[in-house]
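What follows is a pair of complexes built around chain A, which joins chain B in one and chain C in the other.
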Partner chain A sequence: MPPTAVILSQAFSGFAFGTLLALMSSGLTIIFGTLGFVNFAHGAMFMLGAYAAFLVLTYTHSYIAALAAGALILLVAAFVLERGLLRFFYVRPPEDQLLVTFGLSVMLIEGIRYFFGSDSQRVSPPSWGDGIVNFWGIFYYPLYRVEVIGIAAAFLLALYLLLYHTSVGLMVRAGIEDRLMVGLLGIDVRRMFLLVFAVGAMAAGVAGVIFAPLSAVIPDMGTPFLIQAFVVVVIGGLGSFGGAIVGGILVGELLSLTTAFNPDYSQVSIYLAMTLVLILRPRGLFGAVGRI
Partner chain B sequence: MNRTIKGRESRIATRRGILQTSIAAGVAGLLTPLAAPHVWAKTYPSMGTYPAGVKGKTAFAAGMFPLTGPYASLGGDERNGFLLAIEHLNNGSKVTEAVPSLSKGGGVLGKKLIFGVSDSQTLANPAVQAATRFIDDNNAIVMTGAISSAIAVALEALAQRKKVIYMGDITASDATTGKDCQRFGFRLMPDNYMFAQALAPVLTKQLGHNLKAAYLVPDYTFGTSLHTELTQAFAKYGWTSATEQLAPLGTTDFTSYLLNIANSGADVMFNETVGADEVTSTKQAVQFGITKKMKFVIPLLSPFIYKPMGPEVLGGMYGTMLWYWGMQEKNPLVKYFVADFHNKFHYMPRPTAAECYTCMIMWADAVERAGTFYPPEVIKMLESGYKVDTIIGKEWFRAEDHQGVSPVVVVQGKTKSEIHGPADNWKITDIVPGEELMQPLKDTGCRLPSTTAA
Partner chain C sequence: MSASVVARRGSRWLPEIIVVLLLVGLPFGFVAAFDTVDLLSRILVWGLFGIGFDLLFGYSGLLSFGQAAFFGTGGFMTAYLLTSHTLTNVWLAMLAGVVAAMLLGVLVGYLALRRVGLYFAMITLAFAQLSYFVEDSPLAHWTGGENGLPGVPPPTIEIGPLTFSFGSGWRTYALIATLFFLGYVLARFIVRSPVGAVLAGIRQNADRTAALGHSVPGYKLAVFVLAAAYAGLAGVLLGIFQSYMPPGAFSVDTSGQLVFQTVIGGVGTLLGPTVGAAVWLFLRDELQQIPGVGSLWMFILGAIFVLLVTLLRKGLYGTVAVWWQSHAVARVAATRSEPRPRAAVRPHPGAAQPTPPSAAGAAATPVLEARSVSKNFGGVHAVSKVSLTVPTGEIYAVIGPNGAGKTTFLRLLSGEMVPTGGRVLLRGHDITGQSVTAVNREGIAKSYQINQLFNDLTSRQNLRIAALGRHRGTLRFDVFRAADSIPEVEESIAGVIDELGLAAIADLPVATLPYGEKRRIELGLALATLPSVLLLDEPLAGLSPGERQDVIRLIRRLAKGRTIVLVEHDMDAVFALAARIMVMHLGRPLAEGTPAEIRRDAEVRRAYLGGLKAHVHA
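Let's look at the complex of A and B:
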């Protein structure tokens, strides 16, 4: 049994990583819930956010500008991709949707590789993120990682307010529940789909900006993240915003706490949890019956 | 003396002399085809892609490199080394001129080398599928590429099955030329045992005896092998293990592992990861204050880590490499190689490029000396202990396990004031000759199968 301080520090670490996973997964689940297709390019969008951070931080050294650029670039990219390509696949079979987003992911990754190469780019935490936080002498944690919790939580809150406290959000949620009925009510479903895709992509981009100072910034960096985000979405419930948050934190805690006891099983633990959820509650922890 | 010459001259002029000369010329004429290897080669039986793969004017070389995934940066460099080797073997160069058998250029045994490159995605299955395609469809006569030892072990097993020589370049796991060794597989790069043996005395001298070490271990063939060798090599100097954290390849967040290391009470942290994982885990270790709390060592350095981490983290840090372009001060061949590589690819070559390049040179030299592409004869030449002048140094393979007798380069990261250019990141503190580092044969576990075994 590890000491209490180790367990506490691992629990905090799991929470910190979980919030980031939640942000990444929320975009994935919103897109799936509304548009009905799995966006395999979500990991590549996360990567685009990280490269936006690299460019902006290199030239401006402003983290706020990097966050804004990450969101803006993904907003523009989402607009172009949705209008120019993905909207033609809404009525196509799921395998076509899967293939087109997978192909898109490959193109984005290789496009970045063409311009930047495969080497990792240098992205450091902001100066106000330097330092270590002492948690009452029990454990220490990097300041930037603590701040990441706040930044990710702020974006999740903004998404929550957009989805649950605006008329646009009401339409999106109605679309998640019954896309046909929303259309019959005279709401421009096409515009709503564009908005949802853009918001989902922005969530991935912002997550990429936040994670860039913590990771190797390489063209493939989004791929392992995408896999973990899928696990989160399956555990939380497909299309459920709340499920993405709870699932994200749950996966983060599982990864971290298992490491405290036996690091060999930490990665296996999340897939085991996903399997259990699929057996006991196939629609996920917060997935509604009959949704999508 | 003069009389003897005169006597010989007069003897040639006689009828008997003419007859003798004619017979001698006839015998020599008969023997000449036997001495010319390319004619003699026709008599070898079929094996693998021989002779089908070399019937025309070309011979096909296959390269499986990780061009995507966590080792993409290394894989791209490895591929570039492969491409330059093909170019040098076909067109000649100052590097190949140093190898007597290759000095004339014009391909290998007069066959122009053509090639195929495939992305292994850092996974064994795609690598084996691509190699199988190259063998079945293109009659590949040689193959190379790895980066991951899991890939190297899978490819050399395929090589044995398909009877096509595999020149393993970047693979450090002991198993490659240990328990998984194959007659058709060769590994030029030093193995983990050699890296550990080279690093342990240098680091102990710098940091002291009887220290506690924490290990971040990549959880696959290479990582566990490097870890075993490091703990054993350092145990000789009284070092003990405080904690061992196994993390899978492509881990997104090393925080939980690093927390355990930070709390382990270790004096030194060994970061055994490589590629993108090496960058991510080092970045996160810095943020956790681990690099200040304890000594931080990356035993097997990826040279490109300097760019994202910088001298603030890596200045003064010790590690090992299998080659460094800074070796050009001691080896003129390195200078030619670096110049040609830079002209072609516009950056300084890394060890991965140098290793793959040298693998192809070693194979081509063996073919030329064998006078045939027939695999068993080429294998005999590779096993002969013949030392080839290369950009790494004088290189050869140990016959009993096909391990390359290659040096290990011990380096130290340059501090900010020591840097004189974008790729000037490391200073060489020692080049330990391969002969001093080889694992005793009895400990390797290698039992090479015969050339006919499946």
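Let's look at the complex of A and C:
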């Protein structure tokens, strides 16, 4: 049994990572819920956000500007991809949608590799994130990691308010329940699809910006994150916003706490948890019956 | 006649012959161009990996993003057994690698196949990651973790005093090419076999395939494990070819590369993935040489991939194959002046009619019986306490306004839904709660309100999927006979084609047919399973008046020796056909009786027929 301080510190770290994962997964899940397809390029979009943070933080040292740049780049990318390519795939089988976003993800990753190389880029945390927090002398924690929870939670709250307290959000949620019906009610589904795809992509981009100072920024960085987000939505229930948040924190904690006990099993544990959910509750913790 | 038979026999083996010639001839070209045959060996390893994946994705429609799990497991099992000297016989270790991959395939398949479509893809990807991390950390002591396992020995053959090792270059190529060829031949057998026909059915409409008496979960698991075996063998060969087993075999990039190559080459072609592998490896090796462009080779591949997915979904090989085939067909049609197939013949009495398995029995024996069957969805009572008893040879109609629960009631009888209460009996034997597949095996078939066809296949192939269920059982691996070589099956199909007058359109793809013809094939699918009970859900919906008369006559004919339960809104047809009628309203039976009794029933008039008076001519 590891010391309590280690467990507490790991639990905290798991929570910080979990909120980020929740932000990433909520983007994935609302895109799936509305457009009906799994965005395989979500990991690459996360990576784009991290590179935006790298560029902007290196040249301006303004965190706000980095967040804005991450969101803006993804907004533009989402607009171009949805209007230019993905909208032609709404009528095609789900496998084709998966394949085309997979191909796009490879293009994005390799495009970035061409310009920045495969070397890892270092991004330093903002000046107000420098320092160490002393948690009652039990454990110490880097300040930025504490702030990450707040920043990610703020974006999740914004997403929640957008989805549950605006008329646009009501349409989006109605679209998740029954896409055809929303179209029949005279709501412009095409514009709604574009909006949701952009919002989902921006969630991934913002998560990438927040994550950049915590890790090495490399072209492939989004792939493991994407697969973890898949685990999150399978556990939480694909298409469920609440499921993405609960699942994200659950997976973050699992990764982190298992590390305290035996790091060899930290990655293994989340896939075992997913297997368990698949056996006991195939539609996920919060998934609706008959959605898939 | 005999000449065309010979020609057909010849073309049966033509692809195999071409592949052998290429496998023998191509290496000389490669040696001339690259001084080594190794590039071709590597292409064939990936090609073999791809044949299995194509059976899974191209032929059965199951897109797995986790084939790396089996590729890695096969390779590492063999590499470990050999480098640790647990086994000294390399052939045995290779077999053990394939078996290990298959066992993992059973486990992953059991879990992942519980879901379909996107979920299936994501779950297989996650399991591949799981196996990657298991190899990397918990098993690092045995697998070398991130270093992999170097020193995998090649297999040898001893002939008398001579030892022949498949060590390197040409010899490894000979081993890989031989196994590739065997893998290709097996896959060709499977695709042409009844199993292949059922897999095509699953790809296009899994629910209907299950309703036609095939064990969809069984076939899916079988093809998943088979793909795992191909992946495992490819992994084993990679280790032997490189004398080193890299941990990257397990990585998500491996699964991704396989998907890439298969889609670029062509899905559903068996050889497409090999073409894709050639494109991939060639671009990787050749573009790298060009300064400035070299580092963009993956980007270029990605762009090609996106372009092909968007515009040429059949891939490079697939597009060429389709073009070649259509030209070949045109050429054959031009040279051969065979008489056109007979026009539709009206069935004459006594024509080869599908005979139900137990048509005997007095007319009064109840065949189908429902005892107070109910279905609730939460608090909604869609069907509550509905009973019926139908003897052989009777047409029993269920009518009622929209939302009365008629279709749900039929679904309870067909096994598509499990009733919340009550029992369904067939010839006195309780079938409540049995799956739709099992119920079909018992002799109940349903034709659907909305056509449930296999759109890419011809009418004949559609009917074949239905007839195969009756003659082969729910799950069978008869891969070494052709799907169209079973006399009883072909006889059933001919009978249905004759009965429904489909001869003229029998060999056209269903997707190209007009609605009325599709509707007849929908009925034909149910008939081809040779049911003793036929459930018809609005068989006349959407038909023209002329077509309606045809189908009404047909239903009357079909009732001989069969039991028919009919749900229909066309009151003229119902009152003309049915011996007895049940009126349903709000999920409950409102009245039951002969057409005359129903017409007189005051309550029925008030609730239902009153509003439709114009349609009921006495």
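Please note the rule applied: the second predicted complex is superposed on the first by the 291 of 292 C-alpha atoms of A that agree within 3 Å, B and C clash if a C-alpha of one lies under 4 Å from a C-alpha of the other, contacts with A are read in each partner's own complex, and residues count from 1 in each chain.
Here is the rule we use: a contact is a pair of C-beta atoms (placed from the backbone, for glycine too) under 8 Å apart; a residue touches a chain by one contact, two chains touch by 3 or more.
Because the structure is predicted, anything quoted here is derived from the model rather than measured.
After superposition on chain A, the partners chain B and chain C are seen to clash. By the touch criterion stated above, A:173 is placed in contact with neither chain B nor chain C.
Once chain A of one complex is fitted onto chain A of the other, the partner contacts of A:279 are limited to chain C, with no touch recorded for chain B. Of the two partner chains placed by the overlay, neither chain B nor chain C lies in contact with A:87.
Once the two complexes are overlaid on the shared chain, A:102 sits against chain C while remaining clear of chain B. When both complexes are overlaid on chain A, the residue A:214 reaches chain B alone and has no touch with chain C.
Contact with chain C, but none with chain B, is seen for A:234 once the two complexes are overlaid on the shared chain. Contacts of A:256 after superposition on the shared chain: chain B is touched, whereas chain C is not. Of the two partner chains placed by superposition, chain B and chain C are both touched by A:113. After superposing the two complexes on chain A, the stretch of chain B that clashes with chain C is 150-158, out of 24-32, 150-158, 294-302 or 402-410.
Taken together, the two structures place residues 113, 223-224, 263-264, 267 of chain A in contact with chain B in one case and with chain C in the other. The touching residues of chain B, counted against chain A in their complex, run 67-70, 72-73, 75-76, 219, 245-248, 250-253, 255-257, 259-260, 262-263, 276-280, 283-284, 287-289, 304-305, 307-310. Contact residues on chain A toward chain B in their complex (touch as defined above): 3, 5-6, 9-10, 13-14, 16-17, 109, 113, 117-123, 125, 132, 139-142, 144-145, 213-221, 223-225, 228, 255-256, 259-260, 263-264, 266-267. The touching residues of chain A, when paired with chain C in their complex, are 32, 37-38, 85, 88, 94-96, 98-100, 102-104, 106-107, 110-111, 113-114, 223-224, 227, 230-231, 233-234, 238, 263-265, 267-268, 271-272, 274-275, 278-279, 282, 292.
Against chain A, in their complex, chain C makes its touches with residues 57, 61, 63, 65, 111, 114-119, 121-123, 125-127, 129-130, 133-134, 136-138, 140, 252, 256, 259-260, 263, 295-296, 298-299, 301-303, 305-306, 309-310, 313.
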